[in-house]
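Once you scroll down, you'll see the structures, which are given as structure tokens.
Heads up, the next two complexes both have chain A, just with different partners, chain B and then chain C.
Let's turn to the complex of A and B:
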């Protein structure tokens, strides 16, 4: 298996951002009530993740090697402004898409998956292409987890659960079983 | 204008508005680093430090921060304190810094901290902002240590690295793995919901019982009715 597809697969299922690394839990809990919104949130995330990865590669190559202590501050500023730019551009170019994504775009700024991606990419010294594969894998992994969660939650809407479990308790227990399922993918690591 | 007392500012964050258990904020670090008590405590204290520092600075600078760019300004202030915490931990306790990994840097995007700046520190005097930050940070640390204690005791059979049950104990490995984090918090929340649901129930049940017995006395005084009221069954 080539290096790039391995990075992609590893970020998507083996080290799934949400279910194995606990990144991006806020949208995972917050917007996973319906499959359609989950898909849109996932799409917005993939988009921003890819852009962030490209920008972070650039920053690491040209600026931050001289000032590593500025990493956290510059990453968060870059992400915040990136999200702002994306929002403005989409609003101008495609108002329909902007309405579809709605509130999810600005929310992405405080999604730890994005900053997490930036930091992991830096720590592991990925080059531009590896970074892109990593971002795509992470994005699809997030979307996969969101959609799975949303599909299960749509079913539990109609189920007769005890009154105390009508809330986050049930969501977390479902997440635990999903996470346990994803642990099965860890076997992929040793098979290569 | 004093809608809350100073004591309330401090205590509110610890229990009644606990960031993790009640408001469900800052879940990522709360689940990611709590596989033992030591890491939980370090994470809790680092967050407490960042929260206090940024609340202090935001509260001091509230006059100078224009409304339009306040969120960016708060994030910059938070990121500065996170960098301080990150570098200090790296220098003082390199082992813990390694164990926590990227999650120290990720304190920046802990929505609990930004939430306290926006909702409280930016509108209150320094003293009260600091009290609020201390309370919220303490509540966060308590929740983290609770999670860490459950996971370490069940998952490795030890507490703060000290073995509790001896060599014959078979650890629940799953509790220190990712699913254990979700499971522990889920069960804690179920327990909390159960407790909260029972409280009004108890009050209501005792009221009903009282009303029922008064009614029964009244009824018994007038005529004998042999049908028991079903309130007890419901309450039980």
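Let's turn to the complex of A and C:
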């Protein structure tokens, strides 16, 4: 049990996919303008990550053992089809959200955080439950980063930003500052 | 008829003398004892490092034209520079101190549009940058020098050259000793500041007294330092009660490292702290909690800087969550 919570916390805070490992920067920059959208993007990511993790555990246990050369291509197929499911569901359930997420929704497919999760999970030989904790941690970590970024961006919306830093420039600078803050967690939990 | 000098204006008619410059300069004035103690303990190195970091903080403000001219006069950049200098070890090469100040003001404040609009505390951002870029130089602590006049390290190292650090000159901070060698330092040494450490993180008592002065003049919100120190004291008492051998007691935790400086001067930055009173309590408690987490279980020996930066990032969120209900409405933010 403590092993699982360790994996969860480590993936969420210490080795935060976005702010410490720099994976999944695309939605982090793209859909972080508003907190509500960021939360939903995070939820979509958690969903895809969890399903990916389960499927990857299954694939690792039954198929890839005999055909390791199929690893990356099968991961990509799995992720792409999962994202397709999410897209269909969101389009049906909330067309507004579908429009808000726009291109970033299908782009979850190429979100390196998802493939990163699949590969990390395989390399570290996580079983199903560990993989699940890892995926949840990574997903909540992504959501945390997205929401932090979005709330800061909403705050700076009215700021008198000089023209050189307006737009994406400021977002990158905020991202760097956040990432420097998260450096404080480096080495946390590793000694226990 | 003589020209009337009466001015008819809208309320408020009774004005307070406080303005941004007066508050900022009184904070600078309150830093004088802290700076003086730094100079007393660390000699000429303290003067050099503080001068370099302040110059670094002032440089981008003055270079970037009209926008910067205002904030030069209001003293906020000077505070950033002095505070950054106080978080640096005395032996740090001067060009690094300068760079840290310039980074903090440039990327922590000017790109956001100047005073009042930055999200992160510029001094701490500058220090986090230095910590990331020069992890060795910023954690090299000098031992007590034989004479007050001696430099406490290779202050004049040229940019991009590795500073020469004789082995005999490196000491350790009380927190480092606690963490890596399980040694505690006597409480009185910590309070008076006769220990190793950064320029401004040695004498807890002096900083506390300066903080009381600022709080009495209402230039800082007493809730923030109170909740930071309170939560650190509370959590460390609990942990100390659980396992006294492993976790040091509250007095050590309160007076070691940069906690006092951070709680009194960094976290209370009016721009980067929450607006609401309830938010201030949450903000401070969060900092205290994170400080202990990083100090006790993290890879670093000191976590005040990161704790404050992380809680700075949460401030927009805290503000939103603690927004008071408008009287007569049902929801937050005036939805009826």
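Keep in mind that, in the parts below, the second predicted complex is superposed on the first by the 168 of 192 C-alpha atoms of A that agree within 3 Å, B and C clash if a C-alpha of one lies under 4 Å from a C-alpha of the other, contacts with A are read in each partner's own complex, and residues count from 1 in each chain.
What we mean here is this: a contact is a pair of C-beta atoms (placed from the backbone, for glycine too) under 8 Å apart; a residue touches a chain by one contact, two chains touch by 3 or more.
Owing to the predicted nature of the structure, the values given are computational and were not obtained by experimental measurement.
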Touching partner for A:25 - first (chain B), second (chain C), both, neither: first
Which superposed partner A:147 touches (first chain B, second chain C, both, neither): second
Touched partner set for A:187, first chain B, second chain C, both or neither: second
First, second, both or neither for A:177, with chain B first and chain C second: both
Touched partner set for A:54, first chain B, second chain C, both or neither: neither
Touched partner set for A:43, first chain B, second chain C, both or neither: neither
Which superposed partner A:128 touches (first chain B, second chain C, both, neither): neither
Partner chain(s) touched by A:169 [first = chain B, second = chain C, both, neither]: both
Partner chain in contact with A:4 - chain B first, chain C second, else both or neither: neither
Common interface residues of chain A - those touching chain B in one complex and chain C in the other: 164-165, 169-170, 173, 176-177, 180, 183
Residue ranges of chain A touching chain B (in the complex, touch as defined): 19-26, 29, 69-73, 76-77, 80, 110-112, 114-116, 119-120, 123, 163-165, 167-173, 175-177, 179-180, 183
Chain A to chain C touching residues, read off their complex: 35, 147-148, 151-152, 154-156, 159-162, 164-165, 169-170, 173-174, 176-178, 180-192
Of all residues in chain C, those that touch chain A in their complex: 64, 67, 107-108, 110-114, 117, 119-120, 125, 128-129, 131-132, 290, 293-294, 297-300, 303, 305-307, 309-310, 312-317, 319-320
Chain A-facing residues of chain B, complex: 24, 27-29, 31-32, 72, 75-76, 79-80, 82-83, 86-87, 102, 105-106, 108-111, 114, 174, 177-183, 185-187, 189-190, 193-194, 197
